[in-house]
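Each chain gets a letter, A, B, C and D, in the order it is written, and its residues are counted from 1.
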Amino acid sequence: MIMHSPVKKIPVGVLGASGYAGRELCALIARHPSLELAFATANEQRGTTVRLGGSPVTFVAPDEAPLGDAALVFAALPHGASAEWTARARAKGARVVDLSSDFRPGAPVQGAIAAPYGLTEWARPAVAGADVVANPGCYATSVLMAVLPYVRRGLVAADAPVVINAASGVTGAGNSPKRELLYAEVAEDYRAYAVGNVHRHLLEMRASVRDAGGEGVDLLFTPHLLPTARGILSTIALPLTAAIADPMGPWCEDYANEPFVELVRETPALRDVVHRNVVRLHAAVARDVQRPTLLLFSAIDNLLKGAAGQALQNANLMLGLDEPLGLPA
Amino acid sequence: MIMHSPVKKIPVGVLGASGYAGRELCALIARHPSLELAFATANEQRGTTVRLGGSPVTFVAPDEAPLGDAALVFAALPHGASAEWTARARAKGARVVDLSSDFRPGAPVQGAIAAPYGLTEWARPAVAGADVVANPGCYATSVLMAVLPYVRRGLVAADAPVVINAASGVTGAGNSPKRELLYAEVAEDYRAYAVGNVHRHLLEMRASVRDAGGEGVDLLFTPHLLPTARGILSTIALPLTAAIADPMGPWCEDYANEPFVELVRETPALRDVVHRNVVRLHAAVARDVQRPTLLLFSAIDNLLKGAAGQALQNANLMLGLDEPLGLPA
Amino acid sequence: MIMHSPVKKIPVGVLGASGYAGRELCALIARHPSLELAFATANEQRGTTVRLGGSPVTFVAPDEAPLGDAALVFAALPHGASAEWTARARAKGARVVDLSSDFRPGAPVQGAIAAPYGLTEWARPAVAGADVVANPGCYATSVLMAVLPYVRRGLVAADAPVVINAASGVTGAGNSPKRELLYAEVAEDYRAYAVGNVHRHLLEMRASVRDAGGEGVDLLFTPHLLPTARGILSTIALPLTAAIADPMGPWCEDYANEPFVELVRETPALRDVVHRNVVRLHAAVARDVQRPTLLLFSAIDNLLKGAAGQALQNANLMLGLDEPLGLPA
Amino acid sequence: MIMHSPVKKIPVGVLGASGYAGRELCALIARHPSLELAFATANEQRGTTVRLGGSPVTFVAPDEAPLGDAALVFAALPHGASAEWTARARAKGARVVDLSSDFRPGAPVQGAIAAPYGLTEWARPAVAGADVVANPGCYATSVLMAVLPYVRRGLVAADAPVVINAASGVTGAGNSPKRELLYAEVAEDYRAYAVGNVHRHLLEMRASVRDAGGEGVDLLFTPHLLPTARGILSTIALPLTAAIADPMGPWCEDYANEPFVELVRETPALRDVVHRNVVRLHAAVARDVQRPTLLLFSAIDNLLKGAAGQALQNANLMLGLDEPLGLPA
C-alpha cells in the first residue's frame, strides 16, 4: 500500500519555456513530486497551450509572468537576455537558475550578480547557498565531468593540448527556424562548426580546469553537428604527465556515490543516455603512442544533464530538496 | 552535334558485387564510357538481378565467374578472402584492384604478390604499371589525403600524437545483417568503436606516414558510427614542429591540379561530398593553445573516394585510360 | 511529505524479453509500483544483462524460467511459438497475456485454450476474468479503436470498402537481423508491404468488426514501412451510410472517460504518441465527394498501446489492479 | 573512340533558383549536353555562389536577370508570383516552363496566358508547340500517371471515391525556414496534412481526370509528411466498374515505350526512384472485398519527375531536343 499525504508543492517559474530546454524544464516540473509550475513564458508563442510532461502548459508573455509567485525561476533565455530577467526575478525575491551563459565564467555581461558555476557534482555547497546559479553549458558539462578528476590530480600534461571532439544533436542549436537546421539539410549530413578553437563554452571549460589546478593545460575543442535530435558525445584525447595503471581510477574515486554518473566498461552511446539525467563515462589507454595518453568518452543528453536536468539538480539543492528528486536516472 | 562512333569497351569483372562497395562499382562501370561489366559475383545472392547505375546486373556464383574474360577484376570481397581470388584472377591473366585489406601494408595474408598501395594521387606511376593494386581503406584515404602533405614537409611534431577523430556512415560496416546495424538501433544514435587506437586502418596509415618521412609521428585514431548511410568526416588535430603562415599551403602546392581534391574555405560537410569521388579539405589554426597546432577536416564519400571511386581511378590508370573517366566529380 | 509503506509486489514474468515488445514490457514492469519481474527469457541472448526501465535485467533461457513463480506471464514470442508456452505457463498456474497472434481470432494454432481478444477498452469484463488474454496486434489496435464506434452504430456502408492506409516504424518488424531492416536500407525510404489486402492483422480486424455488428463491412488494409523507430498512423477513409453532423461524435460518446484515448482537433502525429500508452484520434469530413465519407486518423506507439502498454492494461485488470497503473499517459 | 564536335548550347534561365526545385533545375542544366545556364535568380540569396550539378552557380537578383538572353525560362517561384514573371519573360521573347500552380487548371491567377498542362507523357503535341507550359504538381504527377490509363478506359467506378493516400519527403514543403520543418521536429515523426480533401493539387487532378473521360469520378486525397528528404509514394484504392483480368494491363498498353515509366512486379520504394526522373508503378487486386478494387502504387522523386525533371522533359520538347536528353533514368 502506498500512501500519499497531501503535499504543499513549491512554485517555480520558467522563463523562455518554448525552447527545447524550456520545454524539458516544464516537463520535469510537471512530473516533480515537490514542485509545481507557477508560470512559463514564451514571447512569440504566448497564449499557446502545449502538453509537456503529461500536463497542459499555457505560455504567457514574459512581462505578464508573476515573478514574485515563484520561489525559484529557471531562466532559459537566449544568451544576453538572461542578465536583465535574473535581476528582475531577484528583485521580486525569487532565486534563479540561469541556463544561459550570462553568468558563467568569462561572460561579458556577468555584471554585479555573483553566481556560482553549477556543475552540480563539483559545486554542491556553493549552489545550495546561492541566490543565482549559472547552469553550465551542455558541451562544458560533458567535457568537465570527464576531465576534472584527472586535472585535479595533476595527471594532465601541459605541453600538448587536450584534444576534444564533441558531437551534438540539433536540439543543441535551439528551435528558432533556421534554414541550416531544416530536416532536408541536416539528415544524412555531419559537419564541424565553430572551427579553430573558438566555441563559447571554452571560456567556462578553461575556467573550471584552471580552478581545479590545471593552470597551463590547453583545451582544443571542436564541436560537430549530428543528424540526431538529442545527445552529446565528447571524445577526448588526454595527454598524461605519466602513464597510469587504472585509466578509470580517478573517476571511480571521485564519482563512487554519484547517482547521475555511470562508469562503464564499453564505449558509451547516445542511445544509453538520451531522456536520462546522467553522464556516462568510459576511458581507455591509447595504444602504440609514445606519449602516455588516455581516451575519454563522455555521453549526455544535452537537454537533461546538459541543461534542464542539471538545472533541476541545482534547484533541488537550492530549495533543500533531495538532489535527485524528479530526475530520470 | 555530338557524334558517338562505336567504341570497343574493355571488359571488367566485380567479385563481391552485392556489398555496398561492389554495387557502387557495378553502377560506375555501367555508366563508364570505356568499360563494360563482364561479370559480377555474389555468393548468397547469386541468380538475383538488381538495377545498378541504370542497368540490370545479374549476380553469378563466384565459381562461375569467367575470370579470364576480364582485362581487370575488382575484388570487393571480405578481408581474408581476397588473396586467394586475386591469385585465381591473376592465373587467368586478369589484373586486379583489390578493395580488401589483404594486400595493404601490414596485412597478415599479403603473401607472395606485391601490390602497390593505391592512394591514387600519391602512387600514379606504381599503380599504372601494377598487376595488382591494394586499394586503400576508406578512413585511411580520408586521413592520408589530409596529412601526407604536412608529413612530407617535416611539419608534423613527433612528441605529441596526431589526434584523429573520424565518423562514418553505416555503409562502411557493410550490408551483412547485424542487429547493431538495424535502423531502430542506429537512428538517433552515435558512438565510438575500435576504441584504444586499435582500428585495422592504422596499419596502412602508419606505413604511408612513415614512407612519407614521418618516422616517429604517432597517430591516435578513433572511429565513430554515424546515423547516416554514407560519408566520412575526419577531424584531425595536427601538432606542428613550428607555426606555419598558411595552414592550407601544403595542400595548395601538392593538390593544385588534382581533379578529385577540393580545398575549401569553410568546414566541409558530408552533404558536399556524398555521391561524388572527391576529398574535400579544410584547415584552420587552433587558437589559444601553446603548441602550434592545425585542425584539418577531410570529407569523402566512403563508398566512392573511399572505395569504389578510388578503385576506378586506379583501374583507369592501369588500363591506360584517362584517370577521371567515368567518375562523378 | 510522501510516505511509502513497504509494498508486497506481484511477480510477473516475460517470455521473449529481448525483442522490442519484450524489452518494453520489462521496462514497464521495472517502473510499475505493484509488479516485479520474476524472470525474463531470451534464447539467443540468454545470460546477457541489459538495462531496462532503469533496472538491470538478466535474460535466462526459456527452459530455465521459473514459470510457477509468476502470477502472470507475458508471452512476447514469435507467432506460432506462443501456444505451447502459454500451455506450459498455465500448467504451472500462471495466467497469460499473449502478445502473439496465436490466440487471436482466425489464428490457425488457437487450439484448446479460449482467450478473449484484449482490446482493453472494449473487453474489460472478459479480460478481468480470463486466464489467457490474446493481446491485439499493433495495426489492429490503431484501426479498431478508430472504427468500432462507427461500426456498432451502423454508420459504415457495406458497398464500398473501408480503405485503411497505415504506416509503422520499423520496431514493428522486430529486431531479428534482416538486411532490409538495416539503417542504410530503411533511412530515406518508404514503401508498402503485404500488398493486396493480405496482412495477418486483417483476420482479427474483420472478426472485431463483425462482432460489433459490421457484417458485410469490407476492410481494405495496406501497411507501409516508415523510416522511424516507433509509431503507427492509420489513415482511414470510412464510407458512411449517411452523412453525420459531428464526425467525432461516436468517439466522444464511447471514449468520454477513457484515460488512454485522446480526441483531438488537429491531425495526430507520431510525435504526439510515442513513448505513451495512448491512442490519439481525429476525424474530418471528406469534402467534394458524392458519397458521405469520413477521414479517420489514429496514432499510437506500436510498442506501447500497440503491444506492451495494452498488455499491461490487460494484466492490471486480470490482477485486480487499477488499469492505468504503471502506464505513461 | 568518342568524338565531341563543338556544340552550340541553348541558353536557358531559372527564376527562383535557390529553392529545392530551382537547385535541381540548375544541376540538370549544368549536366545537360545541349543547354547552358544563362542566369539563376534568387532574391534573398542573391550574390551567393553554390555548386550545383558540379558547376558553380551565382544567384542574381530577379530584377537583374537578363530574361531576353534565354530561349526558355524555368519559373520555380512561389505560387502567385509566377504569373507576373512569366509575362515579363514572354515580353522578352523567352518561352516559359512554369513550375508553380499559377497556370494549372483551376488556378485563380491563370489570367490571359493559355498554358497546356505539361504532364509530359499525356501532352506532348501541346507542350511542343506551347509558349508557356504549366508543369504539374508533384502529387498530381504521381497520381495522374497511375490513374489516367484506367480512367480513359472507363474502368473507374463513380459511386465510391478513388482513395489516394500519398506521402512526401520534406523537400516538397520547400526550403523556407519554418519551425515545423526543423530536423528535430520532422525526424521520427509522420503525420497527415491538408486533411479533409482540400489539397491544392486536387484541382489539377480533377481536371485531368475529367478530361480523360472520368466525369463523376471522385478523388479523395490525403497527403502525409515523411521523415525523408525526397520522394513521393501514392497508394491508391481504385474502385472498378468491373473486375479486370490483368491489373497492370492498361499501363502496359499506354506506357509500353515510355523511357520514364517503370512497371514493376513488386511494390515500389522511394529508394528505387530518388535521384531519377521516373515514375515507378505497381498494381495489385484487392482480395476479399466485394467491390472489384485495385491497389495502385506510384513512386516518384518529387524534385525530378515531380518537378524539375518533368520540367526539363517539357523544355526539351519545346526546344526540339530529344525528350530524355540530360535526364537521369
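Basically, a contact is a pair of C-beta atoms (placed from the backbone, for glycine too) under 8 Å apart; a residue touches a chain by one contact, two chains touch by 3 or more.
Values in this document were obtained by computation on a predicted structure and should not be read as measured data.
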C-D or A-C - the one linked by more C-beta pairs in contact: C-D
Greatest separation from subunit C - chain, by CA centre: B
Centre-to-centre distance between subunit C and subunit A (centres being mean Cα positions), rounded to whole Å: 37
Computed distance of Cα centres, subunit D from subunit C, in Å: 39
Touching two or more other chains - residue numbers and ranges from subunit C: 169, 185, 187-188, 227-230
For the subunit A and subunit B complex, residues of the former touching the latter: 158-161, 163, 165, 167, 169, 185, 187-193, 195-198, 202, 216, 218-220, 222, 224, 226-231, 233, 235, 237, 239, 267-271, 274, 282, 284-291, 293, 295, 297, 299
Footprint of subunit A on subunit C - complex, ascending: 1-5, 7, 33, 51, 54, 187-188, 272, 328-329
Subunit C partner contacts - residues on subunit B that touch it in the complex: 20, 169-171, 175-179, 181-188, 227-230
